[in-house]
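Both of the next two complexes hold chain A, though its partner changes from chain B to chain C.
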Partner chain A sequence: MAQAIGTTSAIPQASRSARWRALLREMWKHRVDYLFISPFFIVFLVFGVYPMLWGFRLSLSRWAGGQRPMEWVGLNNYIGLLTNDPLLGKAFLNTMMLLGWILPTGLAFALVVAVMLNVRRLRGRGIFRTLYFLPFVTSGVIVAIVFSQFLDKNYGWVNLLLGKIGIPPVPWLVEAIPAQISVTLLLHWMGSGTNILIFLGALQAIDRELYEAAEIDGANAVQSFFRITVPMLRPVLLFMIITATIGLINLYAQVKLLTNGGPQNNTYTMFMRMMDLIAGNRFGEGAALGFIMGAIILVITFVQLRLLRSWWTVEGNLKS
Partner chain B sequence: MFKNARPISRRRFLQAAALGATGALAACAAPVAQPAQPAQPAAPAEAPAAGGELTGELIFWGHADHPIYDAGQAFMKKYPGVTFTQVEITDERTTKVEAALAAGEGAPDLNWLEANEVQLYGRRGVLLDVTDVVKQYEKDLVPAKTAEARVNGRYYGMPGDITPNTLWVRPDILEKAGVPMFEKDIKYEDFLTAAKTVKEKADSSLYVFGADGGGQSSLMFQCPFYALGGNVSDESGEEILFDQGDAAVRAVAYAKMAWDAGAGLDAGWFSPPYWAAIKEGRLGGTYSPPWMRGFFETEVKTPETGQGKWKSVILPIYEGGEKHRTNVWGGATLCSYTQTKVPDLVKKFMEFTFATMEGAQVTADWGIVPPYLPWLTTRLKDVKQTLFSDQTWTDTLNEALTLMREDYYRTPAYGLSGIAGGGPLYDKYFIPMMKGELDIEAGVKQWADDLRTENKKLLESLK
Partner chain C sequence: MIGYALLYAFLVILAIIFMFPFYSMVVGSLMPKEELFRSYPQLWPPNGPQLTAYRLLLQIASPEEVAASGLQNISNYNFIRYIFNTLLIASVAVALQVFFNTLAGYTFAKRHFPFKNQLFGVILATLLLPAAINFVPFYLLVAGTLGWKDTYWPFWIPNLATAFGIFLMRQFIASTIPDELIDSATIDGASQFQIVTRIVMPIMAGGMVVLGILTFVAVYNEYILTNLIISKPDLRTVQLFLANFKQATIRAPLYDLLFAGSVMATIPLLVLFFVFQRKLVEGVMSGAIKG
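On to the complex of A and B.
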């Protein structure tokens, strides 16, 4: 019996080693091809995988920087952040709130503008496209500084113009809701250009015959939009929702420069908290927060994928 | 011509191309073997040679137009064998220093660190111990400043810029509002009454209080906190004292009085509206550290914009805080790192810059106030300046020096608290207390509790 077991386990082992040899032979045969694709993988390993693994190790350690060794603390950094951080809760809520506001409004705005720009009769479409795309190529730092000057409560141009039409000054950057609106406006202004262009490209790829057929069947413009345009944009929409979610959870530079997380931490994001921890020499906790944010992104993305897949059938029809 | 040539196989073509690409890559890579870090000395600089002649190179990281740069030039003039190189680094300085510390080399020989940074890096053990130099001159240096460079009884930097805060006022604007120039001992309540009058009658503010409470606005809290004997932590930095005694509660209450008076300038610190208000006379007074003079003089260049119209007086009296009517805000310390290859040269430079008449004069000419007592007591009065109407500025400064505390500690906890001008904990509590949304005593207590949590984690991470 024992012999039989030994024999049966030896067979797969031999088969495995044969497979390995075959694989290596095959790789050697294509060595030149592998050489060509190797630069990407080398760069990816050195600058992508290694820092990520190092960062994960850091998130499980206490480290004072420099050449001091890391001290293993297990999950303490994660537990401390999730149970005993005076600012992370607020930062999480702010990030989710900004995500909840900016994602749907930004995509809806970009889609509407793209549909308008896709009208064949529209004159000067190229000019509009350039104008909408222009903010994207402008430095985010400069834009944030200019916005902060425009939106200054006492001396900003926006309140100056509002004053001309009898509207009292709005505390754009010094009250919670106006500050969140200011951040939203800034991000829409900067991000809409690319979103519009991507939507426009996808819209132009939709076969016109679908609309013509729908028209013959008696569908009006709204029905065509929801029954043809939106379902046909599903892959693009999915891509944009996921990339925008990742971008918004990692929101930092624009908010840092526009409101510095204020007023009263009402625009203080998770990324800002992470940066504060790192700048404050709490490298382990900063790394742990980075991985917590990564986990949040994964969960949200998974939910988005599941929801969007269940909302639309494979044929591209919206489920009732 | 190529009719009879043998066709090259795909495999051969790929092999040849790969060989060529590898060669090209190698050729490209060869000259780029330099680390992507600021220039460092090619070889370790030498220690002082026999006969007192110094040689070697010093690298300093700092912003453009820096007092240490001026000191470097003077040092090179005195010691021609020394090369002083300034690398202009501002925003990314901390990141680059961290990278150099992790790499084990590449940090500058000299850096200009804020008080809480000295305390932080000193505790991490990455700063050069310069106890021997500072001890040598200890009696000649302003004691309040030396305390900032001291960590667990050792010195990790040469005391640099001292910053006793005073009140700067424009008498011409007071006069416009019918308010007499302040007596030497004005009470805080009377100061606020005057500020309200000036705001109403001359449309000018006597203090800065932005809606975000950050930057210079924080002086409305910091100054009474200092005067009333407050401390964020003890000297070790381990025990949080922020809510011990009533200094913080009373300081917040004093700040709230200024907030409620509504007479402050509501503009971001150093923002275009801030400078416009100064030049247009809409800021007729401000609590200020001495180093701000350099920035003011860059902007205020004509009598129409206020040049030569300012005066300086000691801060108003907070009841019970008469002995220390000043505050410290900013004011850096000259430091080096343990990895420097020229520790002796570094120490010599530190000694020259802040413990000799010559060095002190150079840095003072730039605009900071060096801590060297022999210079302060004899030469401060001669500093050239254009902002103040007469030399009473230096008299006030000399008086403020005598009001400084030796028991005020700017440890890492001080940085965490945000009282120096903003930060998440400061934002969380300060403005809600100003607006009356949060009870002051409860707010200070919660602020201190959060600070304890944060400080404990920070100190643990430094172990």
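On to the complex of A and C.
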């Protein structure tokens, strides 16, 4: 705060307090502005900052809630979760596996569809983009209900259609890899529409003249795609990769109701571990897990930003 | 020409794939579960559509139907009440969030005051905080210290104003409302509050609708917090009911009832979606939103 009003030691005392008074007068003059923005800061302090600080204290304790005593255990909760919690380790591996399934397939699919919708003389663009976006209104609970019938081994649509082309029934929700693919399919159905729309918005923002110039220089459609389209979309891609990662780490309802984390915990997620700790009144460990998940998200985001650093700016990648 | 034909064929097939789960949900809700578990799934109820599942959920089934369903305790479930509860939670949340976010969004877009940029920076920085970090202490604060278990306050108060909403409204207002309009209203002696309610809000109705629908869908579909906060049957939301019902019947899911409930739960959102789809789609495409 002091920095904002530019005080330095060279300024005489009297002048400094005069500046302070002028600043306070200015702020008082704008009291209505502060009033208008205050709701966010009040609820952020009460429901964001305070629980986080208290949660840190809690993460160093053992506490089963209510009137029961809170016992200081130092870093034991963190050590226990990181070194002696096979379920959490499994959940972390599952998250990484799901990321490996979802990111490449989801982004490639959404990009291809967006490019198709961006064809200049396409009719019915508005109808298509609305229909693709429709799954946005469904809840994780309802999607899980629909997909569990869809993927049923004996009575589901997916196996019926696979049977038509001669593929024997796949036990979707009963075996490890098929179950992970099931979760991937569900998340694609729910989320692709949003990604398609974001890609489409970004594609329409690209200057047509770039393509025309490339055409004059003799570039074909494929070259234009990889030399112009993809580089121009890099900031959007980066944004999607990061939000998809955070979404997967916080994944809960869909998987809870589709597979309940099974089979053999192969779709168990980190947020399920958190909910199980809450259900078991193990609040100290739950609070510690929150910080661990926060740290994982920050580390992954940081790594992704570093790895994709050249993606931040568009200009650097636009070679003719 | 062939290229275009292939393109349309692909886009239409894709649209069918995106629509099909909705379709199968509706068809599934119209047939008894014995027919759902035939050797292969049905595109249309073989014995014609039946509304038994809807009647059972809406408590208007005949005693014979109740007896045939084997669900003697079905009268314990007050489905209309759950829909009403969910609509109530979502509507109040939308009203509060849209109002307070517009107020703050306007202030950041059009007003100049000390520490404005620093305060806006704080708001943006909170967007980077993963919700998981304080989930457990937040739950303990809300359910324990504040005693809000089995109330709807946890869905309303903590998100009174959100970083995302303020950011969105600031972008909308900064790019739509000219400074001169605000200045002339100020010269005419309008208070800041009057400027917001009489000038900004009418002009920004479109932006408020986008924020309102995103909020409505998110709150209406909420499950995790609801599952922890609500335990009284009468206060259940429709998502909580469907999830509990699915888990209670996990060995032999009552898909007819689950589908009928899902259809009824989704209808309000579909209506909202189609009425405002243009604004919503354009809002998402503008890139300001991650739905």
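Methods note: the second predicted complex is superposed on the first by the 274 of 320 C-alpha atoms of A that agree within 3 Å, B and C clash if a C-alpha of one lies under 4 Å from a C-alpha of the other, contacts with A are read in each partner's own complex, and residues count from 1 in each chain.
Operating definition for what follows: a contact is a pair of C-beta atoms (placed from the backbone, for glycine too) under 8 Å apart; a residue touches a chain by one contact, two chains touch by 3 or more.
All of these numbers come straight from a predicted model, not from anything done at the bench.
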Clash or fit (per the criteria above) of chain B with chain C on chain A: clash
Partner chain in contact with A:149 - chain B first, chain C second, else both or neither: both
Chain B versus chain C as contact partner of A:47, first or second or both or neither: second
Which superposed partner A:194 touches (first chain B, second chain C, both, neither): second
Chain C versus chain B, contacts on chain A by residue: C
Partner chain(s) touched by A:283 [first = chain B, second = chain C, both, neither]: both
Partner chain in contact with A:36 - chain B first, chain C second, else both or neither: both
First (chain B), second (chain C), both or neither touched by A:232: neither
Chain B versus chain C as contact partner of A:214, first or second or both or neither: neither
Which superposed partner A:65 touches (first chain B, second chain C, both, neither): both
Residues on chain A lying within both footprints (that of chain B and that of chain C): 32-33, 36, 65-66, 148-149, 154-155, 260, 283
Of chain C, residues touching chain A in the complex: 7, 10-11, 14-15, 18-22, 24-25, 28, 36-41, 100, 103-104, 106-108, 111, 113-115, 118-119, 122-123, 126, 129-142, 144, 157-163, 166, 191-193, 196, 217, 220-221, 223-224, 228, 239, 242-243, 246-247, 250, 253, 255, 258-259, 262, 265-266, 269-270, 272-273, 277-278, 280-281, 284-287, 290-291
Chain A to chain B touching residues, read off their complex: 32-33, 35-36, 62-68, 71, 80, 84-87, 90, 148-149, 152-155, 171, 173-174, 260-265, 268, 272-273, 276, 279-285
Footprint of chain C on chain A - complex, ascending: 1, 4, 23, 26-27, 30, 32-34, 36-37, 39-44, 46-48, 50-52, 54-55, 58, 65-66, 113, 116-117, 119, 122, 124, 126-150, 154-157, 160, 189, 193-194, 197-198, 200-202, 204, 236, 239, 243, 246, 249-250, 252-253, 256-257, 260, 270-271, 274-275, 277-278, 283, 286-287, 289-291, 293-294, 297-298
Chain B residues touching chain A - in the complex, by the definition given at the top: 11, 14-15, 18, 21-22, 94, 98, 101-102, 104, 120, 124-126, 211-212, 214, 266-268, 271-273, 276, 412, 415-416, 422-425, 427-428, 431-432, 450, 453-454, 457-458, 460-463
